[in-house]
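Submitted below is the structure of interest, expressed as structure tokens.
The chains carry the letters A, B and C, assigned in the order they are written, with residues numbered from 1 in each.
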Amino acid sequence: MELLKTLCEIHAPSGNESAMTDFVLDYVKSNKSKWTVQPKVISGDSFQDCIILVFGEPRTAIFAHMDSIGFTVRYEDQLVPIGGPQSESGYRLTGQDALGPIECELLADDEGGLSYKFGRAIQRGTDLVFKTNFRESQEYVQCCYMDNRLGVYNALKVCETLENGCVVFSCWEEHGGGSVPFLARYIHHNYGVKQALISDITWVTGGVHHGKGVAISLRDRHIPRKKYVDRILEIAEESGIDYQLEVEGSGSSDGRELQQSPYPFDWCFVGAPEDNVHSPDEKVHKHDIECMIALYKELMAKL
Amino acid sequence: MELLKTLCEIHAPSGNESAMTDFVLDYVKSNKSKWTVQPKVISGDSFQDCIILVFGEPRTAIFAHMDSIGFTVRYEDQLVPIGGPQSESGYRLTGQDALGPIECELLADDEGGLSYKFGRAIQRGTDLVFKTNFRESQEYVQCCYMDNRLGVYNALKVCETLENGCVVFSCWEEHGGGSVPFLARYIHHNYGVKQALISDITWVTGGVHHGKGVAISLRDRHIPRKKYVDRILEIAEESGIDYQLEVEGSGSSDGRELQQSPYPFDWCFVGAPEDNVHSPDEKVHKHDIECMIALYKELMAKL
Amino acid sequence: MELLKTLCEIHAPSGNESAMTDFVLDYVKSNKSKWTVQPKVISGDSFQDCIILVFGEPRTAIFAHMDSIGFTVRYEDQLVPIGGPQSESGYRLTGQDALGPIECELLADDEGGLSYKFGRAIQRGTDLVFKTNFRESQEYVQCCYMDNRLGVYNALKVCETLENGCVVFSCWEEHGGGSVPFLARYIHHNYGVKQALISDITWVTGGVHHGKGVAISLRDRHIPRKKYVDRILEIAEESGIDYQLEVEGSGSSDGRELQQSPYPFDWCFVGAPEDNVHSPDEKVHKHDIECMIALYKELMAKL
């Protein structure tokens, strides 16, 4: 869980993911010698802050977004949300501007107005994120940004034994998207990939519970193609790994952008569920994480 | 009208269109020998559940979506809508899960919550559609899913004498889209096509009436390019076929995705109007259907 | 300011931009001999009503939308908005239908219903725009459609000395977009361009004031990539040109479509602020216009 903790501590709200990019590139460089297959590492200016790892002859791509929700400093002491953060007065926020490091307090008024409380003015446009408070118990891990540092963690764990597949680290998922279309284009054009798994974190609800296994989402605001999801369910069933079926009418993911891209991608969201969504206290059951990693290994081998 | 009735009976909500795909492919196979020109039939895994027919040297493409609105079974007895179905308690819904065929009743509470009433629990993720009740009178046809089985019917009728053109059967139109971008890409790249007609069904309103002819939409939520629409109006005017001009501020179609695709497509929605939109009782005047088919033949020849 | 006045008088609501296209093409033809570099002029049927000018070896593209907000005539005397016009009873609207030129009055009822008052019925689908009333003082220019005829004006001024770069005149920005994706595709494929500046007009607010210089938007509804915006800020700072930093949670531009296109474009909105947004009385400070042009020249040279 050290890796997960480290990931959760990296400042990378949507649009400002470069610290995550650097970390992931370093991690890959330091660890890939231990992996079963050496991936081709694709990044740099033509990929903005995104990264693509290509293992062997890929048929399926894992998409894990690196960005997090947060806040942008506006005028006076106002804040504008990045993505859809839970906003309660008293939450601690961190960031940095030209004057130095910042740790301030979030204030939310009754009309939904957001502001910060800090000893000095913060420079216009500075982005702030929840202060990290990583907690681990026998059964659970808890921190801000399980969504989606856990999706990144899962992807990196799968890399260890992956023989054929793409692993894509995307940006801006929490706020308007924009990287998945060109990433999809690249892997479709260069490798003919048209199957995807969305390595992301979903919600504990009346139908999806802590500790019951990884959630396979049959739909959210968007509806993946039934034929593809049925193949995933078949592989999941045969694997013996604990899984839960999710059906939602709202919420979306990198899958939305794959669906709407000019490339014929099938996609399915497969991820552990969390409580306290988009708050500093996102909580995930360790068993569900284990099931997520195990199922991804099966799916990447068999799809 | 036998063909239309058969089309209306096929279970194919957004994301699960494969039964329509199979039917259309079979229909084309069985009937194309009687058609003026033998089309190239493009389908299969790289096209998900979509179909493209290419006749001669295409300049214009007809887009007809195969999917319908419906409902997804969530947890307990809850339902989540697929697209924007009219939802009244008492509507009959049909579908199938691993335990067998389903015919159940829709319940809609005052807060917009949807559920089903059935003798047993239905499996999570099962999709349900309105029960078919096809009615035909001297003047009208009436059934669920005139939108858009009538658009598919129109396209298949136009195929009979089509010399040059693409006919595209798309998916997911009722729920988030996603197939039009890659279909547009394919026909633009391979055939240079950049003109489209949206074969879909619109609304009877204060300005568009039953029996007054096919509607040519000057705009809906999106605005097609005036230069292109003006050419369509010219051809319509010269043809002597009954038509009506529609102007709306809302509603959208496969045209939206063509508009926003990275290919310079002109598009115009041309279709018969219906009453009781998105309900089990969609009603269309036969004269408007005849005008729709006749005008499509003119437009495909002259655009 | 003669050129700006002329631009403001051209009838070109979203979807019907061809009069602007013709004007800009004529203007380029008549004036380019005086420009430092002769651009390649790209337009015609494959570009709908859009225009691309290519100077030298482009690294960065200026996007300036040619369309304006307005109104479409529906049934009876109803109007449907094009984009988001300010709508107050008494505003004068102009247009043309087959029966001749139109100057009528806008009526807005309490429920947001819009209609026109005119001596005769106006043909269905006719588009109307605000009547032009160009006003110039020592410090300000004021008229409808500063947004975005001023963005077009800025782009044409920058052309005079531009050595390397694309200048793109887009359509539909005010209403649903749709041209930027194929324009982005063209310049990315043919010239490898992946940097953009959005030449558009923004808002006077609590943080952005008349006469304080051109606004550089750090974000609106969408968030550009921080790395790219930081480079722009550096160049702006070094230039000594007056500029202001903008941070908004809403509003969008051609930048949105670049962000979401399947090409890895970086973008930043850089434009003068206006008062009385989307009304017949849009007002901009002349100093901010001068700063806008000056900063664009710097950015196009140094990015």
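Worth a mention:
Quick note on the criterion: contacts are C-beta pairs under 8 Å (C-beta built on N, C-alpha and C of every residue); 3 or more make two chains touch, one makes a residue touch a chain.
Source: prediction; values computed, not measured.
Both chain A and chain C derive from one sequence, and where they touch, under half of the residue numbers involved are common to the two copies.
Fitting chain B to chain C on Cα positions gives a rotation angle of 120°, stated in steps of 5. Rounded to whole angstrom, the centroid-to-centroid distance between chain A and chain C, based on C-alpha atoms, equals 36 Å.
Looking at chain C, one finds that residues 261-263 touch two or more other chains. Against chain C, the residues of chain A that register as touching in their complex are 14-16, 18, 45-49, 72-76, 80-82, 124-125, 127, 171-172, 175-179, 181-182, 184-185, 257, 261-263. Residues of chain A that touch chain B in their complex: 194, 205-207, 218-219, 221-227, 229, 245, 247-249, 256, 259-264, 266.
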